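In what comes next, chain A is part of two complexes: it sits with chain B in the first one and with chain C in the second one.
Up next, the complex of A and B:
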């Protein structure tokens, strides 16, 4: 991991007014729900998908389009290190914001006399951290394929495609098709349901293996794609 | 351009084949398929000692047995639902009391996982205007307004509210609280 690359990414994100405005909206809206409907507990915070997309959109593609990649690699920065640093930067930023949001939600719930248990907080926080790094890996792969914010387009298209497949499976009553759609949709934001992991017996291994395989595969593919890119000033 | 420390590469190339990652990805994909098939055939379950009755015919059975129906509106992704299942329905004493007093019926929402619900699940959600999970609904066996309990605030609170709901159902209609249904939190 290259710490300079990670901090540079954070600085880029923090200085973008549009990203910051979207981040503020995505972080505060669920907190309003928690404040007014304490009975629903932490579930109203939802997932970290929006945060990951906002922080991660163009994580590699922007550098590709702007010519920064050429300059970085001219300095003999190793490509795998670049990809891993971008992934860690986005994942860590989404995880930190998620945990801050969780802390505020807990304070709000405590104020309304509906304090979640320590186990619930731990499970929810852990799930959000895993989701942050999982989603960032998927976005890193998409971002390596296309310049600019094209990764966001690919993400939305795949999500839409998965939804259509799922719906078609429902309409035709083909359970396998609906399941395939749900699997694709879930693979876009990989996470592990920690509550399920600790409450069911025997402990299921599929969610852990599934999460790890998606994250590792996406990172490996992102590195392969970045490796194959011919980047020079002449290439344009 | 960000100030990045140049990293020396023995070959001078910035490329490095992610062999370890690719092998790990392949191994994990194989493990994913194997564990997926295994767990499909040997499903895991959250401890739950309540013997849930099917939705169909539950209210008719409730009239026959003179026990109110307890609908548990839940979803697999819902954290408080899991907590309730573990702490209330997985507790031998509470489970026994629930089975003795109520006719328990679980109504599992699959909207998020499968994009839709069975018609009987949709119909019950519409009938009791369920928008939050968990929601417990007690329907008195003698007819009358249901008691709706929204959210989960711990085992003791849930048991107390269920007892109160059962008592309310036993009261003659004229003696029930005005407005009928209680939507509690």
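Up next, the complex of A and C:
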């Protein structure tokens, strides 16, 4: 990991008014729900996809289309180091914002006398952190494929495609097709259901293996794609 | 082995839907000695930027071999001693100039301890000290961007400096500054590889120049200061003297006596071939001594301009690189 790249990514995200506005909206809206409907608990906070997409969109593609990568890779910087730093930067930022949001939600719930249990907080927070790094890995792969914010387009298309496949499977009662759609959809934001993991015996290994393999595969593919890229406007 | 060795370098691109192959570089071989200033010139689409891209390890050649100090160009040991200023300079526009240099100083693996001083020094050297360094890059003019790009390339005291059209968009004061900085770097033994269309700059800065055309190195010329070059001098006389009061025969005789040759007259001008700068001075002295009212004497074109102009015009057939 290259700390300079990670911190620069964070600073770049912080200077983008559009991203900051979307982030504020995505962070505060669920908190309003928690404040006014304390009975629903932490579930109202939902998933971290919005945060990941807002922080991660164009994480590699923007550098690719702007031409900044040429200058970066002429430096003493390994390409895999760049990809991993981008992933960690986005994943860590989404995780930190998620945990901050969780902390505020817990404070709000405590104020209403509906404080969640320590286990609930731990499970929810852990799930959000895993989701942040999982989703960031998928987005890193998409972003390595296409310039600008094309990764967002790929994400939405795959999500839409997975939804259609799942629906078609349900309509036709082809369980295998419905399952395929669900797996594709889940693979877009990999996470582990920690509650199920700690309550079911024997411990199910499939979610762990599935999460780890998705993250590793996406990062490996992103590294391969970035490694193979020729970086000169003459090659364009 | 030190310096840059290029052997049999070839590079093709696939273009269009049919994947048509375009030859950007064809069997290029050359050697650049450590501390040398080496220029690359050629028409648009000749393959100059592709060549630089291969030297920097940003492009993968189809065939051939490049070594820099005995290493592959993408070896991190070489990257650590390399500075690069791309032609189409794109910088992180949200940063200030100072932040941008600090960022690249860190990426170059330079110690954080002396960062502030080195960044300030680099900004001062390119004339962006003070308030200019504190300004957001998106507010920089084209010339300021080039200056900042050069400062970035010089960070970390590189031993190899690759410059792709460094003076593009720079005002005359900036051009003079660039030349001075390059001269300083050369005195420190930095190897400079300069790709530029500004032939006078190339001629002033470089020891040798490769003329690239259609992906091939057509010629490598020595242009080091003091090297003997024949050149054409265009002389204009006052009072329309040439062709009337001073005849062609008289001019031809005067030229021969000065060791030059008359190549033609087009009143009020005459064109002479002289061996070098000293020959030009001798000719002018002879003409003035003989009473020719010389009003103006201009070198017709530089050697590199002639190299450019004399080359056949059937450049590469497709695409550009």
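Rule of thumb we're sticking to: the second predicted complex is superposed on the first by the 233 of 236 C-alpha atoms of A that agree within 3 Å, B and C clash if a C-alpha of one lies under 4 Å from a C-alpha of the other, contacts with A are read in each partner's own complex, and residues count from 1 in each chain.
The criterion applied here is as follows: a contact is a pair of C-beta atoms (placed from the backbone, for glycine too) under 8 Å apart; a residue touches a chain by one contact, two chains touch by 3 or more.
Keep in mind that this is a model prediction, so the values were computed, not measured.
Which of chain B and chain C touches more residues of chain A is settled by the count: it is B.
Contact with chain C, but none with chain B, is seen for A:15 once the two complexes are overlaid on the shared chain. In the superposition on chain A, contact is made by A:230 with chain C only, not with chain B.
Contacts of A:68 after superposition: both chain B and chain C are touched. Overlap of the chain B and chain C interfaces on chain A comprises residues 2, 4-5, 8, 68, 71-73, 75-78. The touching residues of chain B, counted against chain A in their complex, run 1-9, 12, 14-18, 21-22, 24-25, 28-29, 31-32, 35-36, 38-39, 44-47, 76-80, 82-83, 85-86, 113-116, 132-133, 150-153, 185. Looking at the complex, you find that chain A touches chain C at residues 2, 4-5, 8, 12, 15-16, 66-68, 70-78, 230-235.
Put simply, chain A touches chain B in their complex at residues 2, 4-5, 8, 37-43, 68, 71-73, 75-81, 114, 117, 120, 123-124, 163, 166-167, 169-170, 178, 181-182, 193, 195-196, 199-206, 209-210, 212-213, 216-217, 219-220, 223-224, 227.
Looking at the complex, you find that chain C touches chain A at residues 13, 24, 47, 49-50, 52-53, 56, 58-60, 76, 79-80, 82, 84, 86-88, 90-92, 94, 103-104, 106-109, 152, 162, 320-321.
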